[in-house]
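As written, the chain order gives the labels A, B, C and D, with residue 1 at the start of each chain.
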Amino acid sequence: MGYIHFDQTKEFDLILLGRVAVDFNPVDYYMPLSESTTFKKYLGGSPGNIAVGMARLGKKIGFLGKVSDDQFGDFVTDYFNKEGIDTSHLTKCKKGEKIGLTFTEILSETESSILMYRDGIADLQLDVADIDEEYIQKSKAILISGTALAQSPSREAALKALALAKKNNVVVIFDIDYRPYNWKSQDEIGIYYSIVAKQSDVILGSREEFDLTEQLIEQGRTDEQTAKYFHSIGSKIVVIKHGKDGSTAYTNDGNNYSIKPFPVKLLKSFGGGDGYASAFLYGLFEGLEIIDCLELGSASAAMLVASHACSKDMPTVEALKGFITDSKKQYGEMIARV
Amino acid sequence: MGYIHFDQTKEFDLILLGRVAVDFNPVDYYMPLSESTTFKKYLGGSPGNIAVGMARLGKKIGFLGKVSDDQFGDFVTDYFNKEGIDTSHLTKCKKGEKIGLTFTEILSETESSILMYRDGIADLQLDVADIDEEYIQKSKAILISGTALAQSPSREAALKALALAKKNNVVVIFDIDYRPYNWKSQDEIGIYYSIVAKQSDVILGSREEFDLTEQLIEQGRTDEQTAKYFHSIGSKIVVIKHGKDGSTAYTNDGNNYSIKPFPVKLLKSFGGGDGYASAFLYGLFEGLEIIDCLELGSASAAMLVASHACSKDMPTVEALKGFITDSKKQYGEMIARV
Amino acid sequence: MGYIHFDQTKEFDLILLGRVAVDFNPVDYYMPLSESTTFKKYLGGSPGNIAVGMARLGKKIGFLGKVSDDQFGDFVTDYFNKEGIDTSHLTKCKKGEKIGLTFTEILSETESSILMYRDGIADLQLDVADIDEEYIQKSKAILISGTALAQSPSREAALKALALAKKNNVVVIFDIDYRPYNWKSQDEIGIYYSIVAKQSDVILGSREEFDLTEQLIEQGRTDEQTAKYFHSIGSKIVVIKHGKDGSTAYTNDGNNYSIKPFPVKLLKSFGGGDGYASAFLYGLFEGLEIIDCLELGSASAAMLVASHACSKDMPTVEALKGFITDSKKQYGEMIARV
Amino acid sequence: MGYIHFDQTKEFDLILLGRVAVDFNPVDYYMPLSESTTFKKYLGGSPGNIAVGMARLGKKIGFLGKVSDDQFGDFVTDYFNKEGIDTSHLTKCKKGEKIGLTFTEILSETESSILMYRDGIADLQLDVADIDEEYIQKSKAILISGTALAQSPSREAALKALALAKKNNVVVIFDIDYRPYNWKSQDEIGIYYSIVAKQSDVILGSREEFDLTEQLIEQGRTDEQTAKYFHSIGSKIVVIKHGKDGSTAYTNDGNNYSIKPFPVKLLKSFGGGDGYASAFLYGLFEGLEIIDCLELGSASAAMLVASHACSKDMPTVEALKGFITDSKKQYGEMIARV
């Protein structure tokens, strides 16, 4: 604990920057998407889901983003408002850009794919003019989603937010959140991920995502080498995820803490990462021990992959703690701990 | 009868050129789209619906178009195949363009709106290279949808198909099908609609659509003046629609025939036009009297606005005739006739 | 004579629509362009040159076009003003588009090539909103240059001007002026050339240009077949050029008139066509016999290929007639006539 | 001396990345560009000029850039080859992009402006795929021109070259070279200039250019504060230019060295900066004292503003030293020194 200092005088715990979208998940799943006939509509997009997750856990959240000027833009804005998320800086696109859509194909408990509508899409229209220094100053931390870096003008908006956060001593959290969409080349990914990662206090990513981030710095690093490198240039906590093999948080005092997944009956194989991020960060803001942050993250991940939605099924603190208590009762105290 | 000569030696009755898309109609309707939570997925797009409608009525149909190279492209292609529509010239986009989407908002029986995803969309990628003279030669007629003219390269593909149809004495049917999307200016609409209308044997449109078509020729024409003008330059049948006030077919022998809507319990206010077009054209291909073609069209329109889908609920000949018989029994023989 | 009726009450003889550019011709020529070190700057672009040519011959000319909002746009506008050409409808681009540039490589008397800057260029920004019906009404005739059809929005601007000329009984002259730049496909060329050619009173082009125009109508036509076809749908005069083998004007009374080039010491191999067009059209407006129009055209062409510039060296009536008189004295009365 | 360590085992002294263009300077100057009639063609573009300048001074130079696949691309490549500059990584654009053009308006000795053709231009097409790690490894240093950062894909190519230079311990020189063209916003300039400046060993710029670079870090810094900041994060030499008031080099040992312009009869007011940069860097590579590097730079700047061209008139070592000797004879030893 105490790896990150959060300024308690700030109005917001966290302002997230990036993608908020609409998910259409099939009601008649475990079949190809082309054959599914009926779909449920949910708020989606990784930072959008994390925002909802953290708001459910009681944190004061703002969202810096762009939505469409239509009924789907209204849906997302209304949804955030109902969850108590500040939408004062969630503005509407003026040139008819549409909000991103994700149609999910759930072939089985462990196989899924997505069909995304992401060309000329609202979230990537976030512009440097939308980045308000006063707003960023009001928050303990900002979270930059790596997908925001995939295209201009959103890319420069994210880099401006990063610069202003650094200038104003606002904690920077980088969720690499790699999606192949919108990027033009592999090199481009390495260039922009590394620019942001090098200036972040907390970095969250899978091994593959850290490999992408470090491709032009040094290739083939181990998790330990990666963590050591980022700690050496200022990062406080580096979280490296290995899917069903669990994840490890490396802290800049040389320690590391590992967690495994909770056992759960899977409905689908996506959505876990957003649950993980929101509950882990909730723990950080609460000043919990790192291992307890990880346990919360892992529990929320488990709850999400057992649910149909990503945003709508984010747990409250009570539900999250209840799930952990129940799992420990059933499987033993150390069920997720290594 | 006899206004149009169809070459009976041809393999296809009709090849349609233009838009095929995916519709998402809310299951929880009569509320704003932002609040609807569950959606049914259907094949959509006006020429796509007409293709299905005419195939259901037993005509031999081909479709000249572009779909996405993803599960939704598969869905549409599979759907056409199941309906017996030739998809040999329905090809997949190679640069990741997505198929158009239409989310419908059904506020009440008579109020609806649509939220369209139509930027950089598959159907508008149809290219001159996709237009195969041999394929067009195989059909009695081609139908060009006005939406295909809204953007390049689809615009030039449609104009090439038109040129090749004229060169090969294939009947040209123009369904104006005005949608404000994708057009850059009012003048542009007038320019391209008039180029196609002037060379068409059959033109179908509302009064507003004919006004758009004639804006650079002469403004403020009556239906009679419009019909007379197009007959004077070669058109055989001009159908002008006036919504709930019915529609009139003007033939190039100076006659005209009018029809009214059949009484029906509305579920939604869209889809009727595609039912109308498919059944009216079916009648033409069968060589029926114009007034009987119109009655079939009006009946199909009524059946569609009473249904949830546009494509999926297209009637068979049996169902269509059954509906007419039932309506006449209930309301009298002349119920739709003027 | 009398093939075309010009309304003598009109303010302008001719309004030209299309390209006006800046030419840079090397002073140190007969070497590769890469090695030329010094260049003369001239007003250029086929319709721009024809405008200057006809103004020099005393005709009242207007120009419907777009230039850059910079010193080169000023140069062209000032140049037109000095020549007495109306520039009330020659407007400046608002988004920084630059005027087209042509760097000419003069390898020998008969070999040349051009390096064009034509991407995102001013003349192709002409928009339907720039086409003023009242302006077109004021002219006896409009000339549409085929290059204006190569891209939107200029393409639609030209088609709107065509529609308004037809609506207002203004004579339409189509100078096919084929340039491979900017066109996306061969089919596209055939589509748009034929739309304009079919509605034109006078068509000027080389055999290759007519082949492009007729490619989707019928391939492989002879000059006689081409002329007959266009006469049958309303054209009055069809001029087909065969370079150094001369050219022939086909009139809609079944006659034809041929002319050969005047002997001349070549400086360069381009610019002749614009001299030809301006002097031929001058003759038409003067009501001269077709063979005399052709002789004027051929003489002007000869004078241009013997000069360094295209626009700047356009002859006056006196100079043109002097050249013809001198040539006839030297080579005989029938020197250019067949 | 000794602020920068250059690895003497390397094949190249310097590889420059960025803009090479063609300049057209009027022969009939001291009048508006619209009225100038005759132009001389020169190789241009700031990094192109510096490359020629340093080659003339005997340094081994390479150029990483893109040119057009036409006679102007040939001209530039041939010119570099004749100057002994390595063009193995100066490649031709494949999609018809043209090389940038600069038409200069020389209104008087001290007033000038430029008309640039910079849309969709060759140098900005430099792509990450063009950046070859082995090539960068072969050089003592790379110079990144700030104009290369103005647009993608050149922006990412420059950032990749920067990353690979850092990875391989190649000295990084950043010539801010601010041009308003191509940039989308003021913030964007600050974002990308600062990313490169923060990682550079040598930074060259005017006060205005450093203000742009630091706008999102801290505004309103003095030259001393600017130098101190960049030294604190690793820069060795920061050169800040104040036009006719001279310039100062700040070294990371806390020293600074100032120079004034040499007196000279001006022909034009541009080109001096490229002379300055090439001769100053020549001095650095020679291991001269900083004040001597500055004197060379100032002398070359003076020679350039007295000449018609920028590239073609770059001096040799002999000419440069001769100019300094002559100036000192005429005006005194300390003529340029403060």
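One rule holds in what follows: contacts are C-beta pairs under 8 Å (C-beta built on N, C-alpha and C of every residue); 3 or more make two chains touch, one makes a residue touch a chain.
It should be emphasised that the depicted structure is a prediction, and the values quoted were computed from it without experimental measurement.
*Asks:* Touching both chain A and chain B, which chains are there?
*Replies:* The shared contacts of chain A and chain B amount to nothing, since no chain touches both.
*Asks:* Note whether the interface between chain C and chain D is symmetric in residue numbering, meaning over half of all numbers used appear on both sides, and answer same or different.
*Replies:* Chain C and chain D contact each other through largely matching residue numbers.
*Asks:* Please compute the C-alpha centroid of chain A, do the same for chain D, then give the distance between them in whole Å.
*Replies:* Roughly 43 Å separates the two chain centres.
*Asks:* How big is the gap, in whole Å, between where the Cα atoms of chain B centre and where those of chain D centre?
*Replies:* So the centre of chain B lies 62 Å away from the centre of chain D.
*Asks:* Hunt down the residues of chain D that sit against at least two other chains at once, touch-wise.
*Replies:* As it turns out, chain D has no residue touching two or more other chains.
*Asks:* Which of line, ring, star, complete and other names the graph you get from chains that touch?
*Replies:* Shape = ring; chains linked end to end, path closes on itself.
*Asks:* Please list, in label order, each pair of chains that touches.
*Replies:* The complete list of chain pairs in contact reads A-B, A-D, B-C, C-D.
*Asks:* Quick one: in the complex, what on chain A touches chain D?
*Replies:* Contacts found on chain A: 127-129, 131, 152-153, 156, 159-160, 163-164, 167, 184-185, 187-188, 190-191, 194-195, 216-218.
*Asks:* Under the definition above, what is the set of chain D residues touching chain C in their complex?
*Replies:* So the residues of chain D in touch with chain C come to 24, 27, 32-41, 70-72, 74-75, 78, 96-98, 101, 103, 105, 115, 117, 119-120.
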